[in-house]
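Next come two complexes, and both contain chain A; in the first it sits with chain B, in the second with chain C.
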Partner chain A sequence: MSLLLDNMPALLIAVSLFGAFLIPIFGRFLPKIRDPWVILVSFLASLIAVINAVTVFTKGTVVYVFGAAAGSSAASIDSGGLPFRIIFTIDGFGAFMLLSAAIVSFAVILYLVSSQKERSGKSEFYALYLLLTAGIFGMVSTGDMFNFFVFLEINSLAAAALVSYHRNGGIAVEGALKYLIVNTVGGLMVLLSIGLLYAQYDSLNMAVIASQMTWTTLNIVALVLFITALAMKAGTVPFHYATPDAYSVAPSGITALMVVASQAGLYGLFRILFTVYGGALNTVTVGWVIIILGILSMVIGVTMALPQKDVKRLLAYHAVSQTGYMLLGVGVALAVLGDPVALSAYGQTAMEGGLFHIINHALYKGLLFLAVGAVIYRTGVWNLNKLGGLGHNMKWTMIFFLIGALAIAGIPPFNGFASKLMIYESVFAFNPILSVIAMIVSILTLASFMKVFHSVFMGPKLPEFENVKEVPKLMIAGMVILTIFVIGFGLVPDLVVDSIVTPAADALLNQGSYIAAVLGGVL
Partner chain B sequence: MIGDLLTGYGFWNPLIWVVVMVIGLLFAWLVWRCGESSYDKDTEQTKPYLSGNDEPPKGDVHIRGGNMYWGFTHALKGYYDKIIPLHSGVVNDYLTWFLIGVIVIFVVVIVI
Partner chain C sequence: MPFITVALLIGIAFAIILLKKNMIKMVMGIGIMESAVNLFLITIGYREDGIAPIFTNAPEGVDMVLPTVQALTLTNIVIGVATTALMISMIMIIYKKYGTLNSDKMRRLKE
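So, the complex of A and B:
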């Protein structure tokens, strides 16, 4: 038992990978146990992620050194004080992201096992799903720059393969190809930036680089490449173009997890800004860069969503728009990082609002994609001009969609309201105009979702959908899990903020504690 | 108190909000109870009255997604005429935007 607990960070990746590679064997020789196996592996991986997160929230940052005895320090005695092994460093922010990924990935696999039942090629599909999960878990856990790049690539490649899995007349393949090309270029830029840092600091360890970081031209080049590449992974305007193309054609369950996969890019961006660069940054300028990217994402995302007729493309543009809120909150915190008074007055709240919105968005956007996927699963129709009256036949799906729609629009008492309120009020203290823009975007979001809700579920029962039935119970179960969290996080936001969001914000704001957790007094 | 989320300026308590909403719904239900109770299902009473005209087919009366917010998009035609073509679907354009972003952010960070 102790051995298991000591190696929980490694199991985080090992379970998903081991499970993934066994799936094709089960699919070939024991097809009946394949689906239960996928659910079991996903459950175990999520459970391990939750255990790791709870450990971090109760005991502090977890540092796990691969290839060393459990509990070894990052820098071994014979290494000259430099950590050379791959390490996982899970602090409050990493634990927070692990929780988000764990909840969504398990809810989605329940949904997928049912929705993919009639499809072919399921073994490879589920294997890729678990690889995507492993990629996300790895990105938010690692303390090694190159290891981060490897998990980023696993994340992007698995996601692209899953997007194209059901070719859908070639459209899905086109969407996946664009996603792949754009993310490959982004990945190469990340690799180039890592190379620039490695060439200077002789280390790939984030804590080592962070402890020696200075504001030089070479580091600025690396920073700009990090920002643009990871913002592209997160679907931020003006690097967002492939996001709607891929989200709109992927299987709906996959799109729900891809929201979390994109947020892993956001995790990387914030990790680089606060932990690796931290105090060395020109925080005001870079903070404003992040704020402007956020405002552009919010405005262009929502205004592009409004006229969409393809329901999944509409949701995809809203994903872009919601990412803007996260960037706005965290950008404000970054802009006032050098001003302790402003940071304490509103910067910390802005940061917490932005981070809280990450997990909220993963939950309600996941729910919305699953609900829309349920509609497509039963009707085969994506076009809002051809849908209508489905509330008569798909009551549960309608309720889930409505809850997700109200949450994303920031209507109380759902979770989206709590995080948006924190962003509005804290950002208002920084710059009222930014806060007003955020509120207007919320109004437009509500308008857009009322359009979708009315177009899909309201109105008389249409003859072409006379025989449409509610989706199977397992698909409902996936949506129920996310709904519980959307409502729960909305009803007790103080508990959520105190227990998981504040530790995440503190972890980002205290660069020194991250470095000390890894290096102690070594460097 | 459980549920109090501090926002820096004040607080938000969803549990109080829920209690107020429940009281509001209870009041609405009481008003509804005072209404006409001689309503008969599956009779002429349930049919929409359209000035004596026959009810059109169901599909014709449903307001489709494309019918909504046309005024909004029309009012912002100048904006949409510029922004929609940027989403060309051509991956070369996507990467051009990436390059533009890199250059602009680099110049901003260096100069300011």
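So, the complex of A and C:
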């Protein structure tokens, strides 16, 4: 038992990978037990992620050294004080992301097992799904630069392959190809800047690089490459063109998980900014760059969403817009990082609001994509103008969609309200204009979702949808899981913020504790 | 000198990816960019007159080239193969369905 507990961080990746590669074998010889196996593996992986997260929140940062005896420090004695092994460093922020990925990935697999029942080629589909989960888990828990790149590529490849899975007359492949090209170029830029850092500091370990970081020209070049590449992965403006294309053609459940996959890119961005560069940054300039990226994403995302007719494309543009809120909150915190008074006055709250919005967005956007996917599953229609009157036959789906829509628009008592309020308040103290823009975007979001809700669910029954039935129970179960968290986080936001968001914000703001956790007293 | 080559190759690769309409050529551009990054990684590990980093029977006082970056390059080559294969197979499907390789004519998503 203690052997299992000691190696929890490694199991995080191992379970998903092992499960993924067994699926085709089961699919070939024992097709009956494949679906239960997929659910079991996904459940175990999520459970392990939650256990890891709980360990981090109760006992502090977990450092796991691959290939070393349990409990040994990152820098072994014979290495002269340099940690050269691959390590996993899960701190508050990593644990926070693990939680969000675990909840969404398990809810989505329940939904997928049911909605993919009549499709062919399911074995490889589920194998890719678990690979994508492994990629996300790896990205948010690794403490090694190159390892981060490898998981980033696993993430991109699996996501692109899943997007193109149901070819849909070539449209899905077109979206997937764009997504893959953008992500591959981004990945290579990440690798280039990892090379730039390695050339200077002779290490791939984030903590070692962070402890020696200075503000030189080469490091600025590397930082610009990092920000560009990870913004590509996260799908913010000006790289927002690939996101809606890929999101709108992917199978609905996959899109819900891809929101989390993009947020893993956001995780990388914040990790690089706060932990690796941290105090060495020119925080005001870089902070404003992030704020402007955030504002642009918010405004452009929501204005592009308003005229869309394809319901999933509309949701995808809202995903771009919501990413802007996270960048805004965290950007404000970064801009005041060098000013302790402002940081404690509103910087900390802005940070917590931005991070809280990450998990909230993963939950309610996941819920919205699943609900819309349920509508498409039963009707086969994507066009808003052709849908209507479905509220009569799909009551549960309608309720779930309504909850998700109110949450994304920031209406109390749902979780979107809690995080948006934190962002408004703190950003108002920093710069009132930014806060006003954020509120206007929120109102536009509400308007857009009322339009969708009205045109899909309201109105009289349409003759062509006379015999539409409610979706199967497992699909509803997936949506129920997300709904519980959406409402729960909205009802007790203080509890959630205190127990998981504040540790995540502290972990990012306090660069020294990350370095100390990895290196101990060695350097 | 090798660094200038790297910068030049990356510039060429970006130009190809952004300017060319033919999707196969865009994939080739990504291939060039990948080689440029690999070259960069190998170059930063190079030591003048260095020997292979094998500690058994290594002569005293001779520099060794850095093994880490070579491991990174190897990994990146493998990842690159997977990416290229996936992209090319997607292009094959698109060609079958659309009958064109021109990225400007891939507009079905927008309709």
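As a convention for this text, the second predicted complex is superposed on the first by the 523 of 523 C-alpha atoms of A that agree within 3 Å, B and C clash if a C-alpha of one lies under 4 Å from a C-alpha of the other, contacts with A are read in each partner's own complex, and residues count from 1 in each chain.
Note that in this section a residue touches a chain if its C-beta (ideal position, glycine included) is under 8 Å from a C-beta of that chain, and two chains touch if they have at least 3 such contacts.
On a predicted model such as this, the values are computed, not experimentally measured, just so you know.
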*Of the partners chain B and chain C, which touch A:185 in the superposed model: first, second, both, neither?*
both
*asked:* Let me test your reading of the model: by the given contact rule, A:304 touches which partner, first (chain B), second (chain C), both or neither?
replied: first
*Thinking of the overlay built on chain A, is A:345 touched by chain B (first), by chain C (second), by both, or by neither?*
first
*What is the contact status of A:245 with respect to chain B (first) and chain C (second): first, second, both, or neither?*
both
*What is the contact status of A:176 with respect to chain B (first) and chain C (second): first, second, both, or neither?*
second
_Contacts of A:280 with chain B and chain C, given as first, second, both or neither_ = neither
*Using the superposition on chain A described above, determine whether A:497 touches chain B (first), chain C (second), both, or neither.*
first
*May I ask you to decide whether A:8 touches chain B, chain C, both, or neither, giving the answer as first, second, both or neither?*
neither
*Taking the two structures together, which residues of chain A meet both chain B and chain C?*
177, 181, 185, 245
*Which residues of chain A touch chain B in their complex?*
177-178, 181-182, 185-186, 189, 217, 220-221, 223-225, 227-228, 231-232, 238-239, 241-242, 244-245, 282, 285-286, 289, 300, 303-304, 306-307, 309, 345-346, 349, 383-389, 412-413, 417-418, 421-422, 425-426, 429, 447, 451-452, 454-455, 459-464, 490-495, 497
*Across the complex, what residues on chain A touch chain C?*
84, 146, 150, 153, 157, 160-161, 164, 167, 169-171, 173-177, 180-181, 184-185, 187-188, 191-192, 194-195, 198-199, 204, 245, 248-249
*Name, in rising order, each residue of chain C that touches chain A in their complex.*
10, 17, 23, 26, 30, 33-34, 37, 40-41, 44, 68-69, 72, 75-76, 79, 82-83, 86-87, 90-91, 93-94, 96-98, 106, 108-109
*Which of the residues in chain B come into contact with chain A in the complex?*
2-10, 12, 14-15, 17-18, 57-59, 61-66, 68-69, 72-73, 76, 79-80, 83-84, 87, 89, 91, 93-95, 97-98, 100-102, 105-106, 108-110, 112
